[in-house]
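So that you can tell them apart, the chains are marked A, B and C in the order they are listed, and the count of residues begins at 1 in each.
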Amino acid sequence: MSDVTTSGRRVSPLRNVVRLLGPPVAVGVGAVLLLQFVLARFQISGIIIPRPTEIFEVMRSEIFIEQIGLSVWQTWQATLIGFALGGGAGVLLGIGMNESKLMRFVFYPYVVAFQSLPKIALAPVFALWLGFGLTMKFSFAAMLAFFPAVIATLSALSTVATMRLEMATAFGARRGQLFMRISLPSAVPGIVSGLEISMAFALIGAIVGEFISPSSGLGQLLLTYSESINVAAEFAVLLVLMLLGVAQNKLLFGAVRLAARRFFEPA
Amino acid sequence: MATARHAVELAGLRHVFPGRGRSVQAMEAVRNVDLTVEPGEFVSIVGPSGCGKSTILKMIAGLLRPSEGSVRVWGEEVTGPRREIGIALQDATLLPWRDVVSNCLLPVELHGKVTDEARERVAGLLERAGLAGFETRRPKELSGGMRQRVAICRALADDPTLLLLDEPFGALDALTREQMNVDLNRIWRETGKTAILITHGIEEAVLLSTRVVLLSERPGTIVDVITPPFPPTRTRELLSRPEFAEVCGQVRDRLFAGEQAKPDRAEAGA
Amino acid sequence: MSVRVWLRWGVLLVTTAILLLCWQTLPTGGPGSTLPKLDAVLAALGPGGEWDVYLRALRTTLIEAFAGLAIGFVAGVVFGVLLGESPVLRRGFYPYALALQALPPIALAPIFVIWFGLGVESKIGLVAAATLFPILVSTMTGVAQTDPVRIEMATAFAATKAQIRRKIIFPGLVVPIFSGLEISIVLSFLAAITGELISANAGVGVILEVYQRDYRLAEEFAVLMILVVVGLLLALVTRIARRAVLERMPHE
C-alpha cells in the first residue's frame, strides 16, 4: 500500500518507508488490539462481533480454506465472464452511439430508462429466465457491467478535444482515420475508468446472483454462514471478498489505468 | 507549375454561422473579403478578437464552407481539406501518446504511406527547428514553445505548398514568442513556402510578413493592407529599429480608426 | 423540421412500436411462460392493480433508503473532513477506506440481518454502510485538494484556522460532496432493494420475490416499471437539487 501517498522531498529510504507505512500499520494493529481488548473486557458475544482471534482461527481452518478457494474461483469466473461480455458490449454500443447520431438518438431513451432502474431488482427475473448456476450469474453480472461501460465510453468519446479533431481534419483525415488515430486513443483513459466501474459492478452482480439463486460462490457461502449464525466465518469471507475487490479494482485496474494514463493522457 | 497561378484567392467571401431556434442567433463572422496571396508570400491577418480571422483561415483550410464567395488554392476551388495545406493552431494539439517524430509524421500517415523520404524530411525540419535530440520525447516532456515548434514541423511534414498558422504562438510568453518569430522567419525563408498567419500581435505580424492585412471588428472586412518595407530576412535587431516602430504605429492607427468608427455605426444602426 | 429530425423520431417510434408489439405477441402468457404479456402488465399498472401493495412496499423501501442515506451522509462528511484535514490520519486510514470501498457493500447484507433482524433497521444499516464511502472519499479528497495557494493567501491576511476552514475549505467542498451524494443516492435505493431481496419482511424487494413465487409475473413487471419511474424521478430531483444547491451555496 505504499502507493497511497506521494512522497515529497527525498529523505532516507528507511525513513520514507516508516513515514508511509507507519500510520496505516499503526491504525491496523491498533484497531485489532483495541477490538480484541474491548470485546473481551465487556464480554460481548462473538455472535455480534467476533474477536479478531476468532476470525483468524476460522481463516486457518482447513475446511474454510477449501471452501473459500472454491467459492472465490466460482464467483470470479462469473465476474470475469460477465465483465468481458457486458463491458465489451457496452464499449461497442458507446462507440456506435457516438459515431451514429441516429443510433444515439434511438438508444438514448432506453439507456436512460435502464440506467434509472435499480437493476438489482431484476435479479429475481434473471433467476426465473436462466435458472440457477453460472449462466444466470454471468448474465446478471454482464447486465450490471454493461451500463457503466456505455456511459463512460460515450462521454469519453464525445469530450475529445475539438481542436485535435479539427487539426486532423485539416490534414485530410477520413472518418475512419479520425476515429482510429484521434478519438479512440484520446478516449482510452475515460473508457478504462468506466470499465473499472463495470468490473466492480460485475462482482456485485455475481454475488447478488449467488444470493438470489444460491448455487455456488461467495454469495452462497455468506448466506450459509449467516444461516448458521457463524459470524466469525462471515467476517472471514468478507475479508477475503475485500481482498478480491482490492485485487481486481485497485491493483489490476490501477496498473491498467496507470498504463493508460502514461500512454494516452493529455500532456 | 504554372507561374500565373495565385497561391490563394478569396473572392467576395462571406460566412454566417447559422442560428438555432431562438436561443442561438445567426452570426455573420466575415463579410466581403477579397484577398490574393502570391506564391512565396508571408501574409498576416490582424484584427481584434472575434473579428472572424480564424473563420477565414478555416475556410482556406477547407474546414468551413463559405456562405458566399469562393476560396481558391492554387487556382482550384476549395471543397474540403487539401493535401497542399499544412496547418498549426493556437493549441499545439500534439497527440500525447506519440513521440515527437510520429506526431510530425501524422499528416504523412493520413495522406498515405510513411516513406523514408518523409522521415528524412521530418528529421531535417526538426533539426532546423532546434529540436534535434528530442525526436523520441513525448509532448508532456516538452515546454510550450517546443510543442509549438513540433506543431509547425508537423504542418510542414508532408511538404505542403501553403502553410496556415492560426495564432500558433498566442499562448507563449513574450520572450519565447520573439524567439519563435525569428525561427519561423528563418524556416519560411529556407523552405520557400507560402504562409498565412492569423494573429492579434501587431509586432509579430509586422516582423514576419511581406504583407499585413487588417480586419475590422465583426463582421470582419478588410480595412487596409500594409506592406512592411523590410528585406525578407528579419532578425530580433529589427524590433528596436525606428522604422519598425513606425510601421507598427501605422498598423495600430488603422486598426484604431476602425475601432473609433464603431460607436457612430452603432448609433446609426439604433 | 429537417428530414434528419423526422427520420430520427421515425426510427425511434418504429423501434419502440416493434418492441412493444413483440412484447405483446411473443410471450404465450399461459402457464409456464416466463414473460407476461404487455397488456397484462398494463392491466396490473391500471386502476385494477394492487396499488396499495405497491405503494406500501415503495414507502418502506424509500424510508430505508433515505434514513440510511442520511446516516451515511453525516458520517461520510464528518469522517471525510477529519481525514482530509489531517495528513497523518489520512495516511493511516486511507488504505482501509480504499479496501472497504472495494468490498461490494451488498455483501454486508447477511451480516446486517444477523445484527438487526428482518425489519427496516437492517436495511437502514446496509444503506448507511453502502452510502458512507462515496461521500467520505469525495469529501476527503475535496478537503485535501484545497488549493494551497488559497490557504497561503488567507494565512497572509492573518486568517485564523477556523476562518480558513469556514471561508476557504468548506465552500470548495460543496461540489465534491454533491458528486459523492449523487452516487450515494443511487446506491441507497439499490442497497435497500438488495437487502430486501435477501431477507426482509417488507419492501419492494420482498413483493418482487413474493409475486414471482406466486407466479404473478404481470404484477412483478408492473413493480419493475414503477421502479423505472421512481428512478427517473430520483434522478430528476437530484438534478434540480444540484442546481438549487449550486445557486445558493458558494462554490467554484
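By our rule, a residue touches a chain if its C-beta (ideal position, glycine included) is under 8 Å from a C-beta of that chain, and two chains touch if they have at least 3 such contacts.
Given the structure is predicted, the values throughout are model-derived calculations rather than measurements.
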Touch-based graph of the chains, sorted into line, ring, star, complete or other: line
Most distant chain from subunit A by Cα centroid: B
Centroid distance [mean C-alpha coordinates] between subunit C and subunit A, Å: 17
Approximate Å spacing (C-alpha centroids) for the pair subunit A, subunit B: 49
Euclidean distance of C-alpha centroids - subunit B vs subunit C, Å: 51
Per-residue overlap in subunit C, given as positions that touch at least 2 other chains: none
Multi-chain contact sites of subunit A, meaning residues that touch two or more partners: none
Contact set on subunit A toward subunit C in their complex: 1, 4-5, 20, 22-24, 26-28, 47-48, 101-102, 105-106, 109, 112-125, 128-129, 200, 203-204, 207-208, 211-212, 218-219, 222-223, 225-226, 229, 231, 234-235, 238, 241-243, 245-246, 249-250
Partner subunit A, residues of subunit C touching it in the complex: 4, 7-8, 11-12, 15, 34-35, 87-96, 98-100, 102-104, 106-111, 113-115, 186, 189-190, 193-194, 197-198, 204-205, 208-209, 212, 217, 220-221, 223-224, 227-228, 231-232, 234-235
Subunit A residues within the subunit B interface of the complex: 161, 163-164, 166-174, 177, 181-182, 185-186, 263-267
Subunit A-touching residues of subunit B, taken from the complex the two chains share: 58, 61-63, 80-83, 85-87, 89-91, 93-97, 106-107, 109-111, 138-140, 142, 147, 158, 164
